[in-house]
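Would you mind keeping the following structure in view while I ask a few things?
To keep things simple, chains are lettered A, B and C as they appear, and every chain counts its residues starting from 1.
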Amino acid sequence: MNTPEIYYTLGMLGTVAFAVTAVLAVIPKQIDLFGAIVMGIVTAVGGGTIRDMILDAPVFWATDLNYIWVAVVSSIVAFYGNQFMSRKNIYSLMLYLDAVGIAMFVIQGAEKAIALDFAQPVGPVLLGLITAIGGGITRDVLAGNTTLLLKKELYALPLTFGVISYLILIQIFPDQVKLMGTLCATLTFFIRAAAIHWKLHVPNWMLISKRS
Amino acid sequence: MNTPEIYYTLGMLGTVAFAVTAVLAVIPKQIDLFGAIVMGIVTAVGGGTIRDMILDAPVFWATDLNYIWVAVVSSIVAFYGNQFMSRKNIYSLMLYLDAVGIAMFVIQGAEKAIALDFAQPVGPVLLGLITAIGGGITRDVLAGNTTLLLKKELYALPLTFGVISYLILIQIFPDQVKLMGTLCATLTFFIRAAAIHWKLHVPNWMLISKRS
Amino acid sequence: MNTPEIYYTLGMLGTVAFAVTAVLAVIPKQIDLFGAIVMGIVTAVGGGTIRDMILDAPVFWATDLNYIWVAVVSSIVAFYGNQFMSRKNIYSLMLYLDAVGIAMFVIQGAEKAIALDFAQPVGPVLLGLITAIGGGITRDVLAGNTTLLLKKELYALPLTFGVISYLILIQIFPDQVKLMGTLCATLTFFIRAAAIHWKLHVPNWMLISKRS
C-alpha cells in the first residue's frame, strides 16, 4: 500500500472504531437497532460533517459513501455482537482503534481547514478538534450521557497537543507537510494510547481545586 | 385542489401537528410562552433546516415564511389551549397529523436530496429521515427529554421502510416518481397509524436481549 | 472612539462576559481546563456561528480571530480565577456585561439578516435571537444543564421585544437605521438590566397555570 491508501485504510478503521464504541456506549440505554445505527453514523461522521458545514464545504461523505456503509455495518455487527464486542480484549482493541481514528481525524480536519485557508492559525486547531470529537459529543448529547467535555479522561488534550504541534512544525518545515502530519498523528496516537494503557487523567493544574 | 396544493396543505397540517405536539410535550416542564414558541418552531422546521444545511441549500422556510407563522400560531394556541389540546381525542388527532407530517416530510426530504443529486442512494435516505425526525430530536435535546432514538415506539422504523421503498420503486418505475412518492408516503402513514392505534413496538429481533 | 469602534469594544466586552459566565456556570460540574475553554468558545461564538450557517454566510470569527482569542483568554482567567470571579460584585458585573452582549448581538444578528435580505421580516427576528442566545443554549446542552428555554428568568423576552421594536422602527424611520439599532440595543439592555436588578420573572399570563 502507498501512503494515501494507508491513510484511507486507517480512516476506515477509525470509522469502524467510532461506530462500534458508540453502539457499545448506548446499549445500556436499551436502544433498538435503528437507534444504534443512527448513533453509529452520527459518531462516525458527525464531527467531519460539522467541520464541513462551518467550512461551507460539501460534506465529505457525500462523495464517498463508504464512510456511511462502514458505519452502518459496524453498528449492526456491534449491536448483535455486543456480548462479543464488550469482551475485554475486543473492547480494548476498539479503544486503541478509536485512538487511531481521533489521531488521524484531528490532523486531517486541520489539513482541510488549511487547504481552504480557513481562519489560520486558530481555525485549523478548532476544526481539527471538531472533526475528531464532534461526533462523540453529538452522540453523548443524543443519548443523554455526560459529554467527554465533563470527564477527566485524557482524551481531548492529546488531540489539542498534536494539532498545535502540527501547525508549529509545518511553519518550521514547510516542505515536509505530509511527514509532519504523519508524525503528529502518530505522536497523538501514542499519547492517547499511553492514557488508555495507564489510565492517565488530566493533570492536576488543569483541574479546579475547590477550596470552599 | 390539484396535487401540489394537496401536498402543501398536508405539509401545513404536519407543521401544525409538529408544533402542537412539541408544546404539549414540554408543558410538564413548566415552560413559558417564549420557550413554547421556540420549541414549536424548532420542532416544525428544525429537521428541514438541518437537511438544507447539509445540502448547502438555502433553508426552505426563508422563501416561504408560512411554515414559521403556522408554527408560531399553533404553538400559541397549544400553549393557552393545552387543557383542550391534551384531551384524549384532540391529542389523538394530533398524533395522526404528526404521522401525516413525518410520512410526507421523509419522502419530501429524500426528493430534495435526489433533485440536488446528493450522495445517492444513501444521502436521500439519511436526509429524508433527518427532515422527518431532526426537529423532534432537537426539541427533546433542548427540553432535556429522552430522545425518540432511545424509545421503543415504532416511530423511525416506518419512515426508514417508507423512504427505502421509495428509492427502490423509483428505480423500477422511473416515469412514475410522483405516484411512487404519494404511494410511499401513504404507506408510511398507514404503518405509523397502525403503530399508534395498536401501540406497536419495535420487533424483538431489533432489541438487545440482555443475557447478563 | 467613533461609533464602529464603540460597537466593536462593546462586542468584545460581551464576548468576555459570555465566556466568563459560561465557565462559572460549568465549574460546579468539575470541568477541566480544556472543557472550560471549549465551553467559553462555544458560548461566545456559538450563536453567531449557527446564524451564519443558516444564512449560508462565512462564519464571522473566520475573518476576525479576536473573538476566539478573547474567549480563550477570558475562559482561562475565569477558570483559574473562579473564586475571584464568583465574588458577588464581579459576578454581578459579568451579568450586566452579558446583558450588554445579548442586547448588542440580537440587533447585530438581525442587521446581518437584513443586509443579506434573508426571509424578512421573520428571519431577522429569529436570527437575532439565535445570535444572542444560541451560544448559551448550546453550552447548556453540552453541560447537561437545563437550558434557559425552561427557566422563568426574564432573559429571552427583552431580546424579542428589542429586536421586534427595531424591525418596526426601521420601517418607520428608514433613514435612521443606525440610530434605531443603538436605541433598541440600549432599550433591550435596560430591560434586561432591570430584570437582573429586581429579579424580574416572566409575566404570569405567559406561564401555564396548571389547574389539574
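The working rule: a contact is a pair of C-beta atoms (placed from the backbone, for glycine too) under 8 Å apart; a residue touches a chain by one contact, two chains touch by 3 or more.
The UniProt protein names, listed by chain, are A, B, C = TRIC cation channel family protein.
As the structure is a computational prediction, the values presented were derived from the model and not from experiment.
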Over half of the interface residue numbers used by both chain A and chain C, so same, or under half, so different?
-> different
Rotation angle superposing chain A onto its copy chain B by C-alpha atoms, nearest 5 degrees | 120
Using mean C-alpha positions as chain centres, tell me how far chain A is from chain C in Å, no decimals.
-> 30
Per-residue overlap in chain B, given as positions that touch at least 2 other chains = 53, 56, 141
Would you tell me which residues of chain B are touching chain A in their complex?
-> 53-54, 56, 118-119, 122-123, 126, 137, 141, 146-147, 149-150, 152, 156-157, 160, 202, 206-208, 211
What part of chain C is in contact with chain A in the complex they form?
-> 26-27, 29-35, 38-39, 41, 49, 53, 56, 58-59, 61-63, 65, 68-69, 79, 82-83, 141-144
